[in-house]
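Some structures are shown below for you to check.
You will see chain A twice below: alongside chain B first, and alongside chain C after that.
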Partner chain A sequence: MINSKHTSSSQKKLQILLPVLVLAGVILLWIIITYTNLFPAYALPTPGAVLKSFKEEFESGRLMNDIIASLWRVAVGFVLSATLGIPAGLWLGQHLYARQACVPMLNFFRFLSPLAWIPFAILWFHIGDKPAVFLIFMATFFPLALATMSAVATIPSIYFKVAKDYNYKGIELLTKVTFPSILPQIITALRVSYGIAWVVIVAAEMVGCQDGLGYGIWDARNGLRLDSAVCYMIVIGVLGMGIDRLLAQLTKLPNVRWGYER
Partner chain B sequence: MKFTFGKLMLGIAVVLTTLGLLRYKPWKKNSGVTARDVIHEGVNKKATRELTVGYLPVTCHLTCPVTDFASKTTQTNTNFNSRVFSDFPTVVSALEAKQVQATFMIVPLAMKLREQGVPVKICYLGHRDGSEVIVGKNSRIRSLKDLKGKKMAIPSLYSNQNFVIHKMMDDFGMQPNDIEFIILPPPDMPTSLAAGAIDAYFVGEPFCAKAELDGYGKVLYYARDIWPNFISCALVVHEDLIKQNPDVVQDLVRGIAASGAWAETHRVEAAKLVSPYFRQDEKVLNYVLTSDPKRVSYVQLTPTDEDLQQIEYQGIKLKLLSKKIPMYELIDRKFVPNEIIPAPIDEASIPNILPAGKK
Partner chain C sequence: MSDKKTVSLALSNVSHSYGTTSVLQTLNLQVKNGEVVVLVGPSGCGKTTILNLLSGHLQPSTGRVQRTGNIRTVYQHDGLFPWLTVEENIAMGLRSVSDTAQREKEKQDLVELIHLRGFENHYPHQLSGGMRQRVELARALAGQSDILLMDEPFSALDYQTRLRMRLELVRILEQRPRTVVFVTHDIEEAAQLADRVLVLSSRPATVCRELEILTPRPRDLTGSTVIETMKTILMELGLQH
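The block that comes next holds the complex of A and B.
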């Protein structure tokens, strides 16, 4: 693909430069819109006001507290749904009758918006971290289990035939054949459902929470402070992007790489 | 690096532990209490007991943070921590779970809770008046009749605003469906009005002042013009607390009453004091409290049977409440002090309050 060292380095530069240009363009557009009063100040806060509120939130220590709270909830909910969802998907993928029996139900729950669970989240888990973790779990478990299941179901049967020759059974079959062969798909599924979890955090923290990035937005709204809401939105976007990059690193690991080089 | 299952698990465990430690800070005393729970820690060493009181950032609940502040800067027996909520359903859940045992709440909702068997009592009121019907600044609406066929936002079916506006429509000889009512979160009302999505809204302060200050709304009716001595919110206390700790409730009601008396006469200072608690612009609060004495008042806050009966009657008429609850079950006036002395808050100490989290 890449012919020489020279083009590779200039391509890398371009890779960094282009997104920076787009970012600068968007900010410039924002500045122009607010300065020309295309939108009134109450409908779109100015970059200056957002920067100021960013400084304010950071200095009060609230922003750090909110970031940690949200990361913690997403991490717990996400790890919980991965530890339950991936094994469930593996098992369902290998058992045809169980799959036929459970898929409609799994699909049913997958299409329920986590917002629909809000009243129950409060009733069952009251206030604090638990309702938010529950909502994130509900939002990510079903897609993860379904993705794993369909990945297992599409493993070429030749793999299992070879495995049979090696006399792999049970756990050995799972760890030596099934799991490695679907690892690329699992990582993709993890990235997708992590994206869902991070999106859901705003809704999840709408209720029963006293801190967190999502709560920050609701709180800013209650306080009639759209500038601070925008500041929280930026933090949510940047963090989400950063963590996705981290998860993407998993695909570069040698054991998984094969799945991406076709 | 060779990717192994073990390494991945280790990585996840490290991330979770780090986040968990950062989140709960076990090395810190009072773990679990976040910056938002307590605005500033008590300097009141005389206080032997503590109580958390829930509130929303609306001027109807203003006396709650004032009491929090007063309990820390003046001599009281109980240290009060005000805890901010962002919506009433969460407050209800916290009350049912007894995570807070005293909170401010819209009156019809407290009636509904009582109806559903949650043992709560109304011990005092938040403030009088403090709500307005707002219409667009350049609109031609001059009276309620002009709102026929138009859209009006209200904060909740169980808000007294909803009850009162229906009473007024009755008085004007209008039919219940003459106005299209829309339930909106109060913070979205001013912007919805500006965008033309609604034609009017009826809600508590400071969401009315916001539209006026931003220059796109004006007051059509003050609550007191429609319903004299209008009540929006009340101090609601769980019966368990009243039974187990009547002294604390006594302190609480005395503190709230004293804060109200202080706020009534120190309006500028009150706006300054609560703005970090509410996380709202001091300018808006100042406008609410000082622009027109008709807007809010913090006196005459003992709930009377007549006050609440009127609300209950209207709720039953609208079929939002289903059962007539005797007033002695709903109201507990025994904690209201005979003489209300304004809280001795030292004005000089107010500007030194730092925003939440800053110690």
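The block that comes next holds the complex of A and C.
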């Protein structure tokens, strides 16, 4: 018992130590490359320059402003596509003919890069939050609807037999049987489509916005300030990971654990 | 609960086929009130189809199904809702009980009955196979149920657990009598549990032997009644001469 506790605590230490080592290695490599002048200074900023620009962007308040702008757009687009995509998937999953009719079209749009919508987004919604929100929506609605749909279509029939025995009907059947039985898959689908949204927001903001993390990178490029661009890249990566960790907490809810443990 | 209804469940001249495959041929079955009827037969002979017809999940191709009373099915496995705790699963059976205090008491009684006190807040995936089947049984017994259909409820369990669950079922039915139709391929189970055993032929299923067992339960597995009954069933199935 003591032994196993010992190994689990040292395993935990390793779990933290190993990624930190890799991170240190990457930074070291970066320092070596910039130190040896393999690339000209304007094409690859030094870690020091990035740190400095980080301080600058933070103190001017621009970084914070861009973070909030991006988070807001992703949140709005994502909530919008979840509130429409999940019910659409639920409905399609329960209706075979509707499914047969709509799946090819849904698949078509799923494989159509959301960035292809950029010209339309700008023409229809001009500049600001709206085109970015629209692009996030187009990027996440189809995978969410399709994932929900296939989850519903593959619910074991035994649950519905049991539901019939115990008199679950109509809306109660939906909220107390169908929905909880696919909740683990919905959470997974949310995590996946959030990942897509976070990737798309950077590209969306490069063209349709005057602020946001994506715009920050674009602006840095225009000013040949790659130190600032790297600083934004780090923020994007870290924030993306952080929010995914938050969404991962949903999988720890006691009434969805069954979906991940067997 | 199961009160003075004379016949709770009957199939008259029922035939059923899936596409061109005929599964049941003019089957007649009358289940008396409070009786435990066990159906045995080779696998794939249509035992589960009979249960689905009795429960109303399936409509017969021809013939008539007659049922009075509330029917619940206990499945082989995975019949519990995995997103609900033991307590919540049992409470499903009590949905028609409107009085909260009574519902709570009944729930506690059932947890007690299946010896799972302390596991009320566990989820099905945290329980052993035998415990899960006990919860299913409790859920099926809860509230206004009259008839239990049991679809090989113990066949996914290991042998010793299966033996224990048989005794449990006998004890539980003693306390809460129900009309039971029990489907199994386990002839031991049939001999130990049944008031009446119906041996089914292979597809399309017909009743090829009917055995009444008058010895009261619980019956000793190695006692003469069980041994004799098993012999008869084995001969009927062509597994012993």
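The rule is short, and it goes like this: the second predicted complex is superposed on the first by the 259 of 262 C-alpha atoms of A that agree within 3 Å, B and C clash if a C-alpha of one lies under 4 Å from a C-alpha of the other, contacts with A are read in each partner's own complex, and residues count from 1 in each chain.
Here is the rule we use: a contact is a pair of C-beta atoms (placed from the backbone, for glycine too) under 8 Å apart; a residue touches a chain by one contact, two chains touch by 3 or more.
Only a predicted model underlies this, so the values are computations on that prediction, with no experimental measurement involved.
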Comparing the two partners chain B and chain C, which touches a greater set of residues in chain A: B
Partner chain in contact with A:222 - chain B first, chain C second, else both or neither: first
First (chain B), second (chain C), both or neither touched by A:180: second
Contacts of A:123 with chain B and chain C, given as first, second, both or neither: first
Which of chain B and chain C A:60 touches, first, second, both or neither: first
Touching partner for A:211 - first (chain B), second (chain C), both, neither: first
Residues of chain A at both interfaces, chain B in one complex, chain C in the other: 254-256
In the complex, chain A residues that touch chain C: 156, 158-159, 161-162, 164-167, 177, 180-181, 183, 254-259, 261-262
Chain A residues within the chain B interface of the complex: 40, 42-43, 56, 59-62, 65, 68-69, 71-72, 75-76, 79, 119, 122-123, 126-127, 129, 175, 206-208, 210-211, 215, 218-225, 250, 253-256
Residue ranges of chain C in contact with chain A within the complex: 55, 57, 71-73, 75, 78-79, 81-84, 92-93, 95-96, 123-125
List of chain B residues in touch with chain A within their complex: 1-3, 5, 12, 15-16, 19-20, 22-23, 34-37, 56-57, 83-87, 89-90, 93-94, 97, 99, 185-188, 190-191, 194-195, 206-207, 210, 214, 278-281, 284, 354-358
